[in-house]
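Here come two complexes built around chain A, the first alongside chain B, the second alongside chain C.
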Partner chain A sequence: MTVAADAQSISAPRSKVRRSVKWQAVADHAILILGSLLMILPVLAAFVTIGASDVEISRHGMQISDGSHLLENFEKAMFTQGGFTGSITGSTMLLNSFILGIGFAIGKIALGMIAAYAIVYFRLRFATFAFWMIFTTLLLPLEVRILPTYEVVHGMGLINTYTGLIVPLVASATATFFFRQFFLSVPEELVEAARIDGAGPVKFFIDILVPVSRTMIAAIFIIMFVYGWNQYLWPTLITTDEAMFTLVRGIKQIYQSIDGGSDIPEFGRSLALIFIAILPPVLVVVVFQSWFVKGLVESDK
Partner chain B sequence: MVHVALKNISKVYPNGVRAVQPTSFNIEQGEFIVLVGPSGCGKSTLLRMIAGLEEITEGELSIAGRVVNDVDPAERDIAMVFQNYALYPHMTVYNNMAYGLRNRGMPKSEIDAAVNQAASMLNLKEYLDRRPSQLSGGQRQRVAMGRAIVRNPALFLFDEPLSNLDAKLRGQMRIEIKALQRRLGVTSVYVTHDQIEAMTMADRIIVLNQGRIEQIGTPAEVYHQPASTFVASFMGAPPMNLLPARYNGNGRVHLTDDVSVHAPQTVDYSGDIHLGVRPENIGVVESGHPGALPFSLDFIEELGAGRLLHGRVADQGIVVHLPHTAPVPSGEVYIDLPQTSLLMFNPATGVRL
Partner chain C sequence: MKRAGFDKPGLPVLLLLPQLAIIGLFFYWPAAYAIQSSFFLEDPFGFGSTFVGFANYAGLMNSAQYIKVAGFTLIFTVAVTFLSLSIALLLAVKADKVIRGARTYRTLLMWVYAVAPPVAGFLGVMVFYQNNGPMTELLALFGYDFRLGVNYSDTAVAMVAVATWNQIPVNFIFLLSGLQSIPQSVKEAAMIDNRSGSRRFWDITFPLLAPTAFFLLVINITYSLFDTFGMIDALVKGEPGNNPMTLVYKVYVDGFRGNDLGGSSAQSVVLMILVLLLTVFQFRFLDRRIHYT
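The block that comes next holds the complex of A and B.
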């Protein structure tokens, strides 16, 4: 949509080239619609298939169903106990996913802001060095250091806890980096005005810096929430208790834990779970989209 | 009564740059002091040292009889207005003004009274619930003023507060600030690079150059009796004419061997000098007028209220400012440099003789 609008505003003498502008717009829209379809069709296919019974799905694969099993499959996905131990429901996994996603995002933002605050606003002797040390951790994502990290978390007895799930993921440089760049763009005079107004370091941080950064916080929250929500490897390692499973990690379990293999796999239930797993990140992005764009392009000062 | 005293205040940055040479002056109670100078002259550094935003390398600063070298900015009983307003963007106008008072633990009712009083003084009453981004530049500047006023400080500090405004608004705010300062009677230090602001607002002007005080004086003193060629050429638009000349102690100043004028005074000096004269003090005269000098006119700048004649006298570039009522000169032009308005400067040191 924006592409089309841009194209229109670029072509200056409108009356003369109206016809070609129109075609341009049509072509732009066609490309965008095609792209959107490409992205959304698999999701749509999954959604319409949910309505079919497991028997139908195993016989014919993905299909346009009459929707008679839609509610039933969603209900099963959310509330029927499943898994190996039969102790986990979709809603528990959803809750776990939310705890991970939100905890991860908040943890990252809090840590990143505090670290960036120290680096930017305080005359520390090795501030630059510290920043680059933090920055190099970008080269060491969790996947690279997964064994020692597991060892440490295990040693601390944090297996199958939310703390163990979230904290090792939180330490990383991305948020610190973003906030550092943002803080550097906050005018110096704001700090000085606050100093004269009698705001100490903590007061300045809470009263001024955090509210000023709110668009930035929202933007990073979206990125981090989705990133945390989609974590797979670490939750797989750290949660052995099914009650701690997240959606992304648990779907496979639901799909696989079919006893004996005599039953037909619960396709409908799995698809419904997949759909549920996609929904929150999508909603977060849709709801916070305007904030997100603001945070990236606009400096509200 | 001395209100603010600077004793040999200097600033040396960690990289060894000396931004402010040892500087001393006193500010009287209720006085409006303007620090003026070109960029990089140290005027902002000096102001920021008074505010406590920069550490004082050497010397002693006292405000209202208290040495404040090591006192926190918040405890110095000062208020500062910044060039970019430095309003808190997420707070309403009310909260912007109230923030400093809240941090001081002032009771709510008193804050409310103080903010409302300042707001009505500055015509901001109807904007109290707005955010800074919803205000115009002039209104933002007023809020910044309000934030300073509510504190009821012992000293106002202004750091080029008008340079972000357009020319018309600048003229208007200049008057408002001056009137407000008169009314409140608060001692003020105002930094600007704009010599018109300095002239119009100051009780006393301090002209700074390369971290050093060139002159302290009333606007009239600084304008008419500049202490150095720097002050002479910095104050006034167009600046003072400075003509290379010779003075031999015989009562005359020689622009060339044949062209000379009466020396303004007898000084114990002989040799090369710079002869200073303000463009508006030069008159166009008839050829027979005593002391008339031939002036070759290059071009005329029309200002409306007057005209600037650019030309040469004794082969030196010179600018003459004529009122618009004077006839436009043409043909052979003669000018007169009145003896009483001439100033002589030592060309090596720039100091007035």
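The block that comes next holds the complex of A and C.
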């Protein structure tokens, strides 16, 4: 910076500088508020509409309702049977979503932790080979090999089972990779001290490594739960029986009900189901925000 | 591998076994199956299959529809990546700067991470609804007749808008954490050297963010290619017809609706190669990535 410019900035009246700073702050906040509105409005508009009746919604679209049909719509969403066979309720789908989200997260963490433990803490002849076998799976998401995977799972007779729903999704190494990174950052002295004290590998894992990884496990659980809950393509293919539908899978049924048929589409019920599908993962992410952010940012490095 | 590892030969094999078994069954077997069936023409009525060499691949390259889908996928990916990264960057820079309400803004800007793409797609259907969606009505004020699911380019615009909306949070989270990890001393030194905020941003902050941004580039491309399936399915209401679709959506349409196992597998293999190239590209760049701190 030149001397002239310096002199200029010093000679500028202080109040002017302060005012320009203030305007800058106002602009910053305005941008952030606009951004927040952009994220919130589509969801909010849908949620305030839930209280309206189907007729009102099909006539006026998204609107601020008086809430007179709120309970009715939620009741329909949770307990009225729908779908083609008329055997599926929102509460069944909610249960299935939890089974998928939690089952997927636990499966990922359990498999990933012990595999990463084997890779990091043991002298193993084919360790490099196993490492590459496992980490190649990071490259190809399920979506790419969807049809052959479906054929294989179909051949095993796992259509419409929780095993068929969850296990193929677990077949990628994301959690293993996260835990490997984390274990590598755990101080070496820990395992040395444990060995001097005579702890075997199993005792070391259960009594020392698992407690040390608590925060990491929590963070990965949150990420995996949200990922599992939000799965769509695989559940769409693998669950044809409506009793196995998850909420996100059931979205299809919702928009089909909006598009087809001569009756007034069940907008209220659909929007209430959307609300139920969004709420649990959003709550988890917001409530455990700091863990979640830490896990996401650190594990991907 | 830790220096002071355990020396039991049997145990690690036992520990690795479940993971290897699952990826063997549900990853390597299907992947090999895809490569194999991409060279065969399956009889649609299930009467065996014939070896056709590279005919399925040649069929793809000669298919005007496939080229069109590939073109749309490219435009879609570039648009979503560019828009979501730049909006998220603007928001992250501002969220890093403000003092009051920083936590609230952070929460408000990241929670959409948890909204599933098909759910986002469904919200998009409501927002752009034919007769009375708020965006449709807003555009009608300017005399534009927006037709989701009917007009090709209108549908494409809606897809880009919804995907961008859905993808801003993850970019925001990483960019904000990248900004916050820039050492205070660097920021102060920059402050002393240069009073112009924009110069400071482009000369100091932006280069320091480059590794994060590069990593996010790959994340965004992967999202646009693979994770948008549900969103697109919701926006076209399960009936692609003449609407735009991405390569992954076409794999699904040809494989499950058209029962074309060979053609769909060839498309899968093309996508696999694409992802492998992307990974090689990523590693080459990550090796050279610049560390200032």
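Note that in this section the second predicted complex is superposed on the first by the 258 of 301 C-alpha atoms of A that agree within 3 Å, B and C clash if a C-alpha of one lies under 4 Å from a C-alpha of the other, contacts with A are read in each partner's own complex, and residues count from 1 in each chain.
The rule is simple: a residue touches a chain if its C-beta (ideal position, glycine included) is under 8 Å from a C-beta of that chain, and two chains touch if they have at least 3 such contacts.
Bear in mind the structure is a predicted one, so any value in this text is a computation, not a measurement.
When the two complexes are overlaid on chain A, chain B and chain C sit side by side with no clash. In the superposed pair of complexes, A:Val248 makes contact with chain C only, with no contact to chain B. When the shared chain is aligned, no partner comes close enough to touch A:Leu158: not chain B, not chain C. Of the two partner chains, chain B is the only one that A:Ile208 touches; chain C does not reach it. When the shared chain is aligned, chain C comes close enough to touch A:Thr137, but chain B does not. Between chain B and chain C, the partner in contact with more residues of chain A is C. In the superposed pair of complexes, A:Asp197 makes contact with chain B only, with no contact to chain C.
When the two structures are aligned on their common chain, the gap between the nearest CA atoms of chain B and chain C comes to 7 Å.
Within chain A, the residues touched by chain B in the first complex and by chain C in the second are 192, 195, 300. Contact residues of chain C toward chain A in the complex are 1-9, 11-13, 15-16, 18-20, 22-23, 25-27, 29-31, 33-34, 37, 87, 90-91, 94-95, 97-98, 101, 105-119, 121-127, 129, 131-134, 137, 165, 168-170, 173-174, 177, 193-195, 197, 215, 219, 222, 226-227, 229-230, 233-234, 237-238, 248, 251-252, 255-256, 261, 264-265, 268, 271-272, 275-276, 279.
Looking at the complex, you find that chain A touches chain C at residues 1, 9, 24-25, 28-29, 31-32, 35-36, 38-40, 42-43, 45-46, 59-62, 111-112, 114-115, 117-124, 127, 130, 133-134, 137, 139-141, 143-153, 167-168, 170-173, 176, 184, 188, 191-192, 195, 200-202, 204, 226, 229-233, 236-237, 248, 251-252, 254-256, 258-259, 270-271, 274, 277-278, 281-282, 284-286, 289, 293, 296-297, 300. Residue ranges of chain B in contact with chain A, taken from their complex: 51-53, 72-74, 78-80, 82-84, 86-91, 99-100, 103-104, 133, 147.
Within the complex, the chain A residues that touch chain B are 187, 189-190, 192-199, 203, 207-208, 211-212, 214, 300-301.
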